[in-house]
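First the structure, which I've put down as structure tokens, then a few questions once you've had a look.
Chain lettering (A, B and C) follows the sequence in which the chains are written, and residue indices restart at 1 in each chain.
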């Protein structure tokens, strides 16, 4: 019999576990608080559905660290006519530095040539403040000229009559001189970009597999018609940055080409297209550092094995290709997180309304008594609520 | 006395603040809804523990923006035999471009040599469509040849008898000619990679501090035996991409080496190992742009100071080392977020079940009346529930 | 009349929708559970406000994938005196490789010059283990020397009397020899860095627009005084890595310059300043691979058109500029997520306390009966609670 009661008890407990317990509510017929609550409820639901999910697509897992490889290839020929080296033809091999098609490269558009430099003594360039002198005392022997070209020999060279001149230095002589512009507007840049989103192991290139040899030879980029023909005229690129080509050709400049991949991988992969964006990235720095140039040299030896070099100070356009990618794909975790926290905030709304109801309304005391049932008195009076005998949970049964 | 009542009131308020208020529930013995609720509850808990925490490790803060520095060094010698330059030995200094050990570099495996080019007039190469001509009128003087080598001189050069030929151009002459392959399978590439996760200020290299000089001279990479010996045979690399070495040697190609660092920083740091992954990244682009080559030149001067150059059109393998890292470490915020939103979703489950209980079940009206207590009538009838006199909160006490 | 009742029904339903339903609570005067609950509640709120929002700023959307472009420019002159090439002046064009101002570049501080190499036969360097030999049999003809300079000719060259020597090889001869250090401490590096946070389309450079030409010519970086003058002495850079300049000059080394942009875009943009951080990134690798060097060559031709070259094995400092950025800006979604999940966790606290109250406290049965109202009995006894007649929801009305 004891065992029976025991069994029944266990059974009842197991069953009671499948009873549905739901909170008991009181209906406070306060239209103001009720309305407030509905407003909160609706606005949060609206925010969730409209903003979080439809507009921000927060049901997606996001990937922003992209793997990218860029290959570039330039085409175009130009010609220059200089006193030093006469008529010269410029092919990519001559004007692209480095030549191997990297993501960051430099196009020579203007240069200062200093041919046949040899190590020896000559006058420092007047452009170098530290090189100026009034007499030999200003040119302490062996000292290097700050931001200059070499080491002082101790002599100050002045054109006769002039009161000041520049120090003689031991350096590659002669020091570099004049320069000539060179036409480059029609050079074309072919940018091949291969990307990969590791998280979704999705990869794509900005050139289509279908593209035929002939097509890529003659097409030019157009966002609508030719999104997969990444061939750009240098002139267009500069134009799109909103700066003058002539100015850039002369003083040089640095252009950033941003390739943006914004991919919704829940859609068709063909909709994951690259966007190209052109900005000049040296202009918002100081005047001084606006423009771009550097020096490089070619080294020769004469019959007697003496080294001499031709130095070029090249001005030009430095292209810096930056790839930025962002991909999203449905994922349960962020979805649950957003829904969950949304619901929780509705709960927070209840708190607010309760607080108003119980502390601000006229009939707050009345509501309080109804909302809160104090059980203490029953303990004191040892009185037992009539439900007591009937409820299942009581072990006495 | 007033103050007494006042004190007592304050006291009672303070105390009442420490009373535990808990929601009053009704037990609806509807096994169906109850079961549904339990199912929802358990599935969400299962999802939280099993998927979110165990499988996805969402208790971790993630870091995906990695700082990485790559240094490469090649070793190996090869020999070629060409008409122009006779027997030549190729050392890294000759076949690695650029030589300074960057993350992106190029290995010459095949080249077209055009020695002793001088500026002058010669025939455009027949490979250039725009260079073809039937008569001098096709070669307007001074015009540049599109994707060609120079500027038209105005003459059309035809082998006698032939109806068509190519325009004479002013350019570096002669235009480039034949090429020879060159064996490179056994070149070894040493990749040194240093990474850093800024968020966790954790840094590591893919070469172990313990590695001894001798070891690194002779070891080869093996995922299990030698995970910290990043020395690869070029042949193996190509093999792992699943492409033919011979084909790549001839037409050139571009290979991406992905170094993946997937680190669980809650575990021992030694478990944070690099993984190497090899993909060919020029193949999924069009036929035309498959393969990789570029031109570079060496400049010379003859006795009379005239510049001439030897141009190389080099085919070869462009290696692009991309580093991708992902680290995770326990963090309280994502943990709370996931748990919290999980709980909230259980709350959402309650809503669903309530809704079913109150709007779909047969006895819905009955449940409604029990769940919701309408307090209005008491106002109307001004009747006051008997709890009224006894509850603490009432100021009258 | 039916329509009337129908209308009234609809109306009552609509109105009842604006009633505020709030949960009915019982007050269990158990100070222990109550206190526990308050503690949980306060600690979570504290965590939310103090840690999540104030300290971690989790109300912000974060952007960690930065777009960055780096331009570098070196200045400074040094001199060397070598047997091979006599007194030489080193300008940036000579010691910076590559010269075009990239983010990764190399500064020659020490070199092994091997002038006038020609292809021919000579002895392999004794440094190459595989090149050693005791007799001609050790030098199989045509075989390449492992990690060596060329191909064995089949002869073993020994100084007379010596029992062992090195194989004769066909290679660029002579094989490279001695080296000389070169002073470089005062070279200055100008680093221009342009960054962009795509998510917030916020961009900035580490050089101020206001900076005047003259200023940038003479200033040096100082975190407090000159945060926008990114000009560094090479000596200082090495010093900041905590390594010896002399050692690095001799064996070479690789230094990572981390530029950190940590921007709170809710604040004034001027507070988004770059931080520079210098680490040596080759030291934590093995001894062997500590240090940095590579070879490059200059090619010449003699009168008879024979190619010969001067090879330089250059030791030096490889600078690797890494940019890392992190921006945050207020965003509603993460805010809601954190608040929501925080509230939900307080809800979780309620569960815990309920559980304690109902299963651990002495008077648990008593509390149970009060918390849970069993509605079953009323079904059985078909008895109907007196509220029944009065409540609005009942359709019968």
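Going forward, contacts are C-beta pairs under 8 Å (C-beta built on N, C-alpha and C of every residue); 3 or more make two chains touch, one makes a residue touch a chain.
According to UniProt, the chain labels map to these proteins: A, B, C = P2X purinoceptor.
What you are looking at is a predicted structure, and each value in this text was computed from that prediction instead of being measured.
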Copies chain A (P2X purinoceptor) and chain C (P2X purinoceptor) - rotation angle from C-alpha fit, nearest 5 degrees: 120
Interface sides of chain B (P2X purinoceptor) and chain C (P2X purinoceptor): same vs different residues, half threshold: different
Distance from chain C (P2X purinoceptor) to chain B (P2X purinoceptor) - Cα centre to Cα centre, in angstrom: 14
Of all residues in chain B (P2X purinoceptor), the ones touching two or more other chains: 21, 23-29, 64-65, 98, 300, 303, 337-338, 340-344, 347, 370, 372-374, 376
Touching residues on chain C (P2X purinoceptor), where the partner in the complex is chain A (P2X purinoceptor): 15-29, 64-65, 67-69, 71, 73, 75-79, 85-89, 91-94, 98-103, 116, 190, 192, 194, 196, 198, 203-205, 207-213, 215-217, 298, 300, 303, 332-333, 336-344, 347, 363, 365-370, 372-374, 376-377
Of chain B (P2X purinoceptor), residues touching chain A (P2X purinoceptor) in the complex: 21, 23-31, 33-35, 37-38, 47, 51-52, 56, 58, 64-66, 97-98, 104-106, 119, 144-145, 147-151, 170-172, 254, 256, 258, 260, 279, 281-282, 284-289, 292, 294-297, 299-301, 303, 305, 307, 311, 318, 320, 322, 324, 326, 337-338, 340-345, 347-348, 350, 353-354, 357, 370-376, 378-379, 385, 387-388, 390-395
